[in-house]
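Next, two complexes with subunit A in common: one pairs it with subunit B, the other with subunit C.
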Partner chain A sequence: MARLDRHLWPALTVALLSAVAFLWASPFLWTLVASFRPEGAGSADMASLLPDLHPTLENFRNALESGSFGLYYMNTLIVVVGVLAVQCVTVSLAGYAFARLRFPGRDLLFYAFLLQLMLVPPALIVPNLATVVDLGLYDTLPGVMAPYFASAFGTFLMRQTFLALPRDFEEAAAIDGAPWWAIIWYVLLPMAKPGLVAFAIVSITAHWNEFLWPLMVISSPANHTLTIGLAAFTLGAESGKEWGVLAAGTLLVMAPLAVAFIAFQRRFVDSFVFSGVKG
Partner chain B sequence: MIIATRLGPKWLGSTALALTIAAAAMPAWAQTKIEFFFPVPVEGKLAREMTRLVKLYNESQKDVEVTAAYTGSYDDTKLKAQAAAKAGKPPSVVLMSANFNVDLKLSGDIISLEPMLKADETTREDFLKDFWPALHANAVVDGELYGVPFHNSTPLLYYNVEHFKEAGLDPAKPPRTWAELADAAKKLTKGDRHGFLMPAGYDYLGWLMEALSMSNGGRYFNEEYGGEVYYDQPSMLGAARFVEDLIFKHKVMQQGVTEAGGVSTAFFAGKASMVLLSTGSLSFIRENMKQSYDVAFVPKNVRNAVPIGGASLVMFAGQSEDSKKAGWKFIKWLTTAETLGGWSRFTGYFAPRKSSYDKPEMKEFIAKNPDAKVALDQLPYAKPWFATYQTVAVRKALEDEIQAMMNGKKKADQAVKDAQKKADELMRPYVEQTSLKLP
Partner chain C sequence: MSVASTTSFDGIELDRAGLARRRRLRLLPYALLAPSILFLGLFTYLPVIRVAIESLYDKPHGTGAAASFVGLGNYGKVLADPAFRQAALNNLIYAVGVLVPTLVLALAFALAVQRSTRFSAALRTVFFFPSLVPLVAAASLFFFIFLPGVGLLDYYLGKLGIRGPNWLGDSDIALWSVIGLTVWKNAGYYMLFYIAGLQNVPRDAVEAAMIDGANAWQRLRFVILPALAPTTAFVTVIALIQLLTSVDHVIVLTRGGPSNATNLLLYYIFQSAHENFDYGKAAAATLISVAVLLAISFGSLRIMERGARGHG
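Now for the complex of A and B:
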């Protein structure tokens, strides 16, 4: 009996987990299968998860022809990388200030900063757009990026990361005569890598997938990002959907992110587990 | 911006500012640049066709250069145009859902087109004469022209001819009344095949409920005054109960909310025998349906009546006089009988101008596609599309309740009562400023 138990329970657990994993993965599986299925609109087995016997690349060709995907990738990449680059600077500096510097009203200011998290982004569309127009950034990629240059979430995350670091390292560096920027750059940031990486993941996914704000700022087709390009397939108000093309387009949009995350998955996990911070 | 495109997107950010300055410094003979926002109401293919049209226009003359911006769904387009206008960058011309005009006029976002008519030495009556009478109500607000119809639609009953034969129904005699519809649907429902299906996503559902309540003798909203809707009234209650019965009593319609894409897919796949869809889907269905199909009027309970759908061209407030002139010129080019006819054949929407149908290409097209004729024949029964203060929110008030009903969470009687209450609350500020403002 005991031996049976030893084998039974792990097997059950694996079965249960597989079932949950399958449920969770089925939309992705369907997208993958549908994108290779011939005859897009309305074939009877469109909802089937079983791959078709004669896979085709036709859907991808149609999707690629419907928009300048090269341009969309480039624009999205510029936005995502640009936002992240600026954010890394602002959130580490702000996080450092809130974690280490002493000044009157520091905590109050920090909480005021956190209040930003409570605001729903659509509420800020009009005021932000007015600012972007005033700055002469309407219909430009920097206009899309501008509101995200400072991040309340990032600042919070970096502050917590810095707070968790023992002061010994900084004090040792300070005794050796390192100025504050050298302490941040050479001592704190290398140890805060897990925090930065975690923030980068959140930031990249958020801006890669964002739709409403880029749609508000961008008018010229030359500045369209991936999500706006994809919307041309998905927003059919008065007609049916060409599921195959839709699936192919969706795959094209999410592929780079998915590939990157699968490839670096180990690394992401490692960076959390084996960081130099051990107290 | 054109130069920037050639240089590649990489340079856009850094050169945009310099270019703007360069553009501003250009001498006076430079053409007027205007922005044109358009949603993609059907498929990506239409966005390309629209881009082609705009390019054609830009090449055909030298005074105006139009930048066409694709702006998402109808609701997104409204949001973007209004946000841009508030931020001081109003687009010149926008292709806007035809029923947003009242709302946009009340908020001061769009301008009256009467001065342009006057400059052209014509009158509103003369200008609208060539447009189908059913379209006038949505183009005119408070006695002034605010929108020029561009493409229009009505709901239509699409049915699978082979299913009809199989169920012993005569495909030449599609259901004309609600009773015949329910009866046919019962005969057509078999296994996992549903006899009837209609889209119930936002926007579509409100429009179809308007069609059903109108076919039930109702009006849905007060055409003359933007502060009244008739949700908690016999005409809408009957329509709601009918939908509820189709799902829960006759069991001929799928429970829950199916989006338009799902409905047409089910129709193609033979999983739904009759569907209510827009005439705007005609081309798409013609191209993709493998079994034979036909179309018919929306069945009636009290009378034949359907609402108009589709979009009009409007002009935004806050643009310069030059920009207004350029925008109006562009609108006139987009709404010639030829352009409208071509767009109609490409999309399946009907052309708002009667004279489009006198063109030989159009006569040939209709002869070849008799289904397009049914849509046209239904036009005399068409009525205006609901347009009120806060149109979208007031529409959603009904849609949320009907969706709850379709999911089996609410009864029809309660649903229309709650919808009315919510809609009245939404329109209260306007009502208090107008009909309840007493001396």
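Now for the complex of A and C:
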């Protein structure tokens, strides 16, 4: 009995886990299968998870032609890179100030930063839209980016990263007369790279996937991002029943992050563990 | 002459330069924080003040009429709006309905994949993957999964001889379908925190319990779960904030329907502002949800801070 237990339980656990994993992956498996399935396969068996014997790229071609995916990729890329570039500057400077400098009001300001972790931008879409309109940024990509230029999460992450670094190098540089910006740029940032990379991964993922805020800010199709394009595409496919094309479109939107994730899994996972408080 | 003067004032010049330098250094921290504070001010603090003021006015859309002060009228209007009440109630059901299974699954997944075998690594990838895709893309996938008759769910349930309900069209079921999607999307993300948390469970405590004859369930219940309490508290807070502030799937899948069955607070706000152009109402509802967010968060400031410190 004890021996049976010893062999039976692990086998049962593996079987159960495999079943759950299959269930968890089935939406993606279906997307893969459906996106390569020829259109004429009939809609009755569209849900089948069995791959078709004659895979085709037709759906991808149709998806790329029916939506302006090239344009959407470009717009999303501009938003993601633009947000990240500005964030890297703001969070490095603020992270350095909180990690290394003593000044009156530091704790108070630190808590003021904390507030952004709770009042996440999506909760404030209505007043923020009004601000974006006032700034003349309505229906522009900078308008989509602006609320994310300061990041409490990034500031904390950089603060933690800087705090973990030894002070010897900076002190040596300071004795040599290096100004503060040279200390940050030449001494601290090269050592803080893992922190910046972790932050970049979280930031890129968040803004690549973002939907509600761009939907509010953007009105002209020329400024649509990938997620807006996909949503419009989904609602359009509803009537047309072009499920293969929809699957292909969804895959196109997910692909870049998915590929990056598979290539740098460890880094992604570590960054996301750190990101519980992303804002 | 000028050479002589600089020489004679050399000492003072130096002092003055030192003083200016020291003053600059005193201001340096604020200068470094300035860019962040500017954007936080514009898009985090100012909007709260703005929305608090706007919620007191009624600004008719498109008529060009001036905004009129209505005091707490918008709050009265919002609180009396059946759609708002429904959205608040839905959001509560949605939050609890997602949170409980998500936490249980996240912990179960973490326990299942914590060993460093290839099988575990593959499982970890599968479970985590949904949290990487846009919520909109997940909604697109589930649009097809929930499709009556020919969708993935009904197709395979049909093979088992089960006739599924109209997943998104039945007002008794729709919210639970959205909950199901969200559980699938989020569980893997919170699993990561439990994996990290499990590494901090004292090994000797688990071993001591084993020597004392505690079985697996007892070890989980009396040793591991208490040690994971900070992780659970932390995950609960970030999950609640997330469940109040993301409605991408509702926008794509159900538009809050059928008959408000899947309307959530943020969707209500979005709808009031973006579709009905009732800014006073949208502002009042925003401030109410801000109050809820702050109430959730303030009790847990310490947890958030611990999380910000790299967690655990």
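In the analysis below, the second predicted complex is superposed on the first by the 219 of 279 C-alpha atoms of A that agree within 3 Å, B and C clash if a C-alpha of one lies under 4 Å from a C-alpha of the other, contacts with A are read in each partner's own complex, and residues count from 1 in each chain.
One rule holds for everything that comes next: a residue touches a chain if its C-beta (ideal position, glycine included) is under 8 Å from a C-beta of that chain, and two chains touch if they have at least 3 such contacts.
Computed from a predicted model, the values in this text were never measured in an experiment.
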Which of subunit B and subunit C A:Ala174 touches, first, second, both or neither: neither
Of subunit C and subunit B, partner touching more subunit A residues: C
First (subunit B), second (subunit C), both or neither touched by A:Val126: both
Contacts of A:Pro221 with subunit B and subunit C, given as first, second, both or neither: first
Touching partner for A:Thr90 - first (subunit B), second (subunit C), both, neither: second
First, second, both or neither for A:Trp243, with subunit B first and subunit C second: both
Touched partner set for A:Gln160, first subunit B, second subunit C, both or neither: second
Which superposed partner A:Ala198 touches (first subunit B, second subunit C, both, neither): neither
Contacts of A:Leu64 with subunit B and subunit C, given as first, second, both or neither: neither
Subunit B versus subunit C as contact partner of A:Pro142, first or second or both or neither: first
Doubly contacted residues of subunit A, that is, touched by subunit B and again by subunit C: 43-44, 46, 125-126, 129-130, 212, 215-216, 231, 233, 235, 238, 243
Touch list for subunit B against partner subunit A, complex: 1, 4-5, 8-10, 12-13, 16-17, 20, 35, 37, 39-45, 47-48, 51, 67-74, 76, 79-80, 83-84, 86-89, 91, 153, 203-204, 260-265, 267-271, 277-278, 280-281, 284-285, 288-290, 309
Residues on subunit A engaged by subunit C in the complex (per definition of touch): 13-14, 17, 21, 24-28, 30-31, 34, 43-49, 89-91, 93-94, 96-97, 101, 103, 106, 109, 112-131, 146-147, 149-153, 155-156, 160, 180, 205, 208-212, 215-216, 226-227, 230-231, 233-235, 238, 243, 246-247, 249-250, 253-254, 257-258, 261-262, 265, 268-269, 272-274, 276-277
Contact set on subunit C toward subunit A in their complex: 26, 28-30, 32-33, 35-40, 42-48, 50-51, 54, 112, 119, 122-145, 147, 150-152, 154-156, 184, 188-189, 192-193, 195-196, 234-235, 238, 241, 244-248, 251-252, 266, 269-270, 273-274, 279, 282-283, 286, 289-290, 293-294, 296-298, 301, 304-305, 307-311
Residues of subunit A touching subunit B in the complex: 41-44, 46, 66-67, 71, 74-75, 78, 82, 125-126, 129-130, 132-133, 136-142, 212, 215-216, 218-224, 228, 231-233, 235-243
